[in-house]
C-alpha cells in the first residue's frame, strides 16, 4: 500500500515514539501466523519473558508482556497492586504524569499529587515508558515495585506490547488487591506461566519474534552501551540547542532526559510551525508541545534505534527550519557543537574494529 | 530468525485462529513506524474505523479498534455498558462462553447462565470473535447492541486488534455505566474521534495498514462471497467427517459452525495424538479439544484466508493421521466427499474469468 | 502492490519452476541494499561460494554465481570451455535440451545431436537446472566437468542467480578457449576470488543473503533427506497418475524425474484446459505441455520448498479438474494412492521428534 | 539473518550504488514466486517494459530488461549492434569507461580511445548506468542509438536488471550484426514481445514488481523533479566540499556529476582511511577512489532514493571524519554551506502542501 503523503527518501522519525524499527527486527516480524499452542512456541515465549527482565535490571522481578499499550500497562500496574480508595502519592512531572494521575482518579484511587520528593514506605510504581532500555534504570537496586514500558520506545518495535515487571512485594500485594480486573490480571499470567503455556490469551506471534530480535540487538550492543549511546545523542542535542542560543524546557538539570529534548522557541515563533515546516519541506517528524507548552516548545525524540549521523541529519533540518522561520541563528552552529560532542564521545563500532 | 522446529515446505495452519495472513497483508505491514500524529495518519485511521463497520453489517454503529485481544474487547463491551451488580443472562455454548462468563463474574456482574433461548428487552452483546467477517452477521437488522471480534480471525491479521461495534443504545448505556475503566473506556475514543486525531493512545501503525489491506481483500472478494466461501469450506469438512463415519461435536444442526469443525474420535483414540502426529509428521497444525472434550475431539479451523485446495491438503493429512493411528477408515474416502462438495459449489475466481 | 488477478487463500504453485520460497528465505531477502565493497561482505560471499559446491557434491570444483538465469549459466559453460567450431555431442531429451542445442548452434559450435548414450573422453557438461539440489547428483564421483543450476529451482529462491560449478579440467580448458566472452568469463571471477573481493560486477545483496538462508535450510534438513523428500513426492505423484489410469509422458523408467511429472491426458481432452481450469477455479498453477506435446500433456512441478500435504492438496485439485473436464476417474482415487505412498515413506520431522 | 558487522541505527549508504531502496519498493518485492506464464503476468510485464522507456525520455525506442547487471547490459549493447572488427570510437572518462573499453577489446572490436569530442555519423551508444533516471537524458532528442542503465542506481532497486533502450537505427543494425550472442540477443526478446509472453527466459518476479513500484515513485514525484532533486543534492555536496577548502576530482565543470562527488583529500591523507573511519565509527558507507586515484579521492554517492537531511547527516559525518584524520577544517563549515544551498533550492513536498 502506498503512503498517503509520499516524499522522496526516508522519513526522519524524531518523535519521542514510536521510533525507527531496525531492519533485522522488521525481518523477524515478516512472517505468517503460527499456532501459539504448538510445542515450538513455549521456547520462544520463555526466552522473551525471561530476557526482558534484563532491560529492567531485575533478577527478582516477574515480567508480564501484555498485548496492549503503555496505557494498558499502567492500568495493569495500578489495578493489580491497589484496591479502590487506596492512597497514591503521585509526582507531577511532564504530560504523561498528568495522564497517569487522571487514570488513577478514574479508577477511584485517592491520589495526592506532589511536586517534590517524598520518602515513603509504600509500593513504588515507575512509569518507564520513555526511559527503560535507554536510560539507566535498576529495578532491584532501587527497590522499585512495579516498572513498565511499551514496545514502541527503547525496544524499537511496533506498538502493541505493554511490558510490566513486578517485585515480589508487588506480587504479594496483587493477592489482596480488590480492584476489579480480568484482561490486566497478573494472576492469569502466573497461572499460565506455571502451566508452561505462558499466554492467558492469544499473543502476537510477530511481536514476540520481533521482541526476541530487539532484545538480541540490545544485548549484542550491550545494555550499558545502549544507555551510553542515548546519553551521547541526548548530550549532542543539548549542545546544539545551547549553540543556537535557545533553552530546553526542562527546568532542573536532574530532570534532563536522554531520550527526548523539548526545545523552547523564541516568543514570536509558534512551535507548531517548526513541526509543520519540518514535515512539509524536509520529511522530518518532530513532536509538538503538548497542553500548556503547546506552541511554545517542540520536541526532538532521540530514542531507540538511532545513531550519530541520523541525529546530525535531523539537527541540521531543525536548524534550517528555525532559520527559515526567522529565528536568529547561524547555519551550522548547532551542528558544529553536536559534532564536537559526538566526535569526542563516540567509540568505534565494536563489530568493526 | 530461524524457526525453532523447522520443517520442509509450508506449515498447514488449521487451528481455529490465529489464521493464515495473505501475502498482500504481510506486505502492507512490512514497514517502519510512523508518527501517528502526522497530518497523514488521520486519513488512514478514518478509513479503517469507518470501513470496519461493514463487516458487522452496521451503518448505525460506532466502531472502536482497541490495541488488545478478543478478551480485551469483551472487557470493553462489558464495562462500558454495565454497572457492577447488573444482571446478565449468558448462554453456555462452547469453551469461550465459559471464559466470558468467568470474566463477567470476576467483574462483579450478576450472571444467570442459561442453556436455552430467552427473549428479553435487555442490551444484546455478541461475542463474534470466531464468526464476524466469516459467517453471516447483521448487527443492525438483528438489533445487536455490542458485537466484537479480533484481528487474528476472519480478518486474517496478526493478533493485536480488538474490534468492537456499539449500537446507539449501547453508547447511551455507556454514559451511565458505573464500571471503572480507563484503557477500555469508549468515552476516550469518542473524544478523540471528535477531535479528528482518532487514537487516545498510540496505535499500531503496522496493524492499521494491515487492517486496511485486509478490508480491501474482503471487499474486493465481496463480503457475501467470503461468507459463501466459508460455508463451502465448512460443508466440505463436514462431508469428509461423515464419509469417515465419524461425528462432529456440535449437538444441534443450528449450532454448526462454518469456521471450525470439532471432530469426535473413536473411544479408543486420544484426540491429542491426532494433533501431535499431524504436527510431527505432516507439519499440520490442528486444535486440541479443550476442557471437558480434551482427548475426545480435535478441531479443524477453516477460517480466514483459505481456499479449497488448502483445505483438501489438510483433510488429506487428517485422513492419513487417523488411519496411521488405527481408525478404521479408507484412504481417499473423506477427500472424495469433500471434493464432490467443493466441485459442485465453488465458483470460478471472479478476477480470472 | 495488489495482485493483478487476486484470489482467496494461497496460490498453489506447481509449475516446474519458479517454486515456492520459504518464509525464512523471504525474510533474509527483505533488506535494504548494502555496500558490496564493505569489509563485511566478503565473509558472506565466501560462505555462499564455498557452500554452494556442496549441492553439486563437489569438493574439487570451482563455483561461479552469476547474476543471470539458467540460460546465462549455460552460455557461461559453453563459451568458457569451448572454441567456435569445436565439436559437441548433445543429447535430445526434453524441451530444454532443444533450447540448449539451439544455443550451441547459434554460438557456432559443431553440434552432433544423439538420442542414445555415448562414451567419450570429451568434457562432460551437465544442465542440472531442474535437478541439482533435488535429485542425487555427484559431480566429482561422476567426473562431470561443468554442471549448473538456477536459483529459482531446487534452491527455492527468486530467479536471478545462475550457478555454475567447473572441474579442474574445465578450468584448464577455459584457459585456451577462444570463444569471445566478457560478462560470462570465468577468468574475471577467478581474478576477484584471488583478490578476496569476489565479484567482478555488482552482485545482488538480497539474493546472496537469500542463498545463504536457502543453503542453511537444505543443510539443516540434510541434502540426502531433501533428495529423499523429492523422491517421495515424485513417487506419490506417479502413484496418483497410475490410479487415475493415465500415463506419464516419460518413455523410459530411468528418465523419470522426481521434480516434475508430465501427465498425458486422454485424446479427447486439451491439456491446456486442465491448466486453465485449475488456475481459474482452484488457484492452482500447473505447467502446460511445450512444443510437440502442447495440448497433450500438462506438468506438475514438485520441486523445492514443498511437503506432503501441499502436494496432496494440488493432486486433489488436479483430480477434480480432470473429472470436471470429463475424464472418467473416481474422485479420491489418485489421492488415496498418493496418501498410501506418503504414509509409508514419510519420516517424522527431525526437529519435532 | 543477522548482519555480519552490526551497528546501532541505520547504515548511511552513500556509495555510488547500490543505493537505498524505498520501503514501498521493498514491500512490493516481499513476495513468493509466481508462475510467470500465468495469464496475469503479461499485464505487469507490458507495463514495465513500456514505462521504463519514459526514464530514457524515449518514445521511439524499444526497451529490453535483462536479468543481468550493467556489465551485461553493456555486452548486450555491443554484441547486438556491432560485428567483430567493427570500429568503435570510445571516450576515456572515469573508471567505468576503462572497463567498457576493455570489454570492447575483449569482444574483438577495433577501439579508438579518444579524450575529446568527436562528431561522427556512427551509432551512438551511451552508458547511463550512473545517470539515467537521475540526470537529464533525452534519448530521442539527442539521437542516441543505445542507452542503458542498471536497477541498483537511479531506480533504487536491488541489483539484477540490466535495462537497455535501442533506437530504430540500432534495431536495424542488430539484424546484420555478426557478433555471436544468445543470452543477450535482442532478437529473442523481440520474438517474445510479439508473442505477448515477453520473456525468453524466466524473469525475476520480485524485481519486476519492484520495478513497477520504483517507476510509480519516480512518476509520482515527476521525473523532472527527480532530476532537480539530484541537482540540488549534488550542488549541496559541492558547496560543502568547497567550504572545506577541498577540491573535487572532476577537472571540467561540464563533467560534474549530480549523482556522485569524488573529493580529493590533502596529500598527507590516505583517502582509504576516510572510508574506513566513516564505516568503523559512524556506520557511513563511502566509496573509495579506484585505480589511479586510489588513496587520493573518496566518493560520496548521492543517488536514487535520497533526501536533503539524509545527505546532511552524511556530510556531517564526512566532516567529522576529515577533522578526526587531521584535515584542517572547521566543524559545521561544510554543513552550513550545504544547508544554505538546500534551504534555498528545496521545494515543499508536493503531497504535503
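Order of writing sets the labels: A, B, C and D. Residues in every chain begin at 1.
Basically, a residue touches a chain if its C-beta (ideal position, glycine included) is under 8 Å from a C-beta of that chain, and two chains touch if they have at least 3 such contacts.
Protein identities per chain, from UniProt: A, B, C, D = alanine--glyoxylate transaminase.
Remember, it's a predicted structure, so these values are computed and weren't measured experimentally.
Against reference pair A-C, the listed pairs A-B, B-D or B-C yield one interface repeat, B-D (criterion: more than half of contact pairs the same by residue number). Looking at which of A-D and B-D shares more C-beta pairs in contact, the answer is the pair A-D.
Averaged C-alpha coordinates put the centre of subunit A at 40 Å from the centre of subunit D. Separating the CA-averaged centres of subunit C and subunit D is a span of 32 Å. We define each chain's centre as the mean of its Cα atoms; on that basis subunit B and subunit D are separated by 49 Å. Shared interface positions of subunit D, i.e. residues touching 2 or more other chains, are given as 1, 3-5, 20, 26-28, 30-32, 39-40, 279, 352. Across the complex, subunit A meets subunit C through its residues 23, 26-28, 30-32, 39-40, 352. The touching residues of subunit D, when paired with subunit C in their complex, are 1, 3-5, 11, 13, 15, 17-21, 26-41, 43-44, 67-72, 75, 84, 103, 106-108, 150, 152, 158-160, 179-185, 200-207, 209, 212-213, 279, 285, 287-288.
By the touch rule above, subunit C contacts subunit B in their complex via residues 1-10, 12, 20, 22, 24, 27, 30, 216-217, 220-221, 226, 229, 279-284, 305-314, 316-317, 319-320, 323-324, 330-333, 335-337, 339-340, 342-343, 346-349, 351-353.
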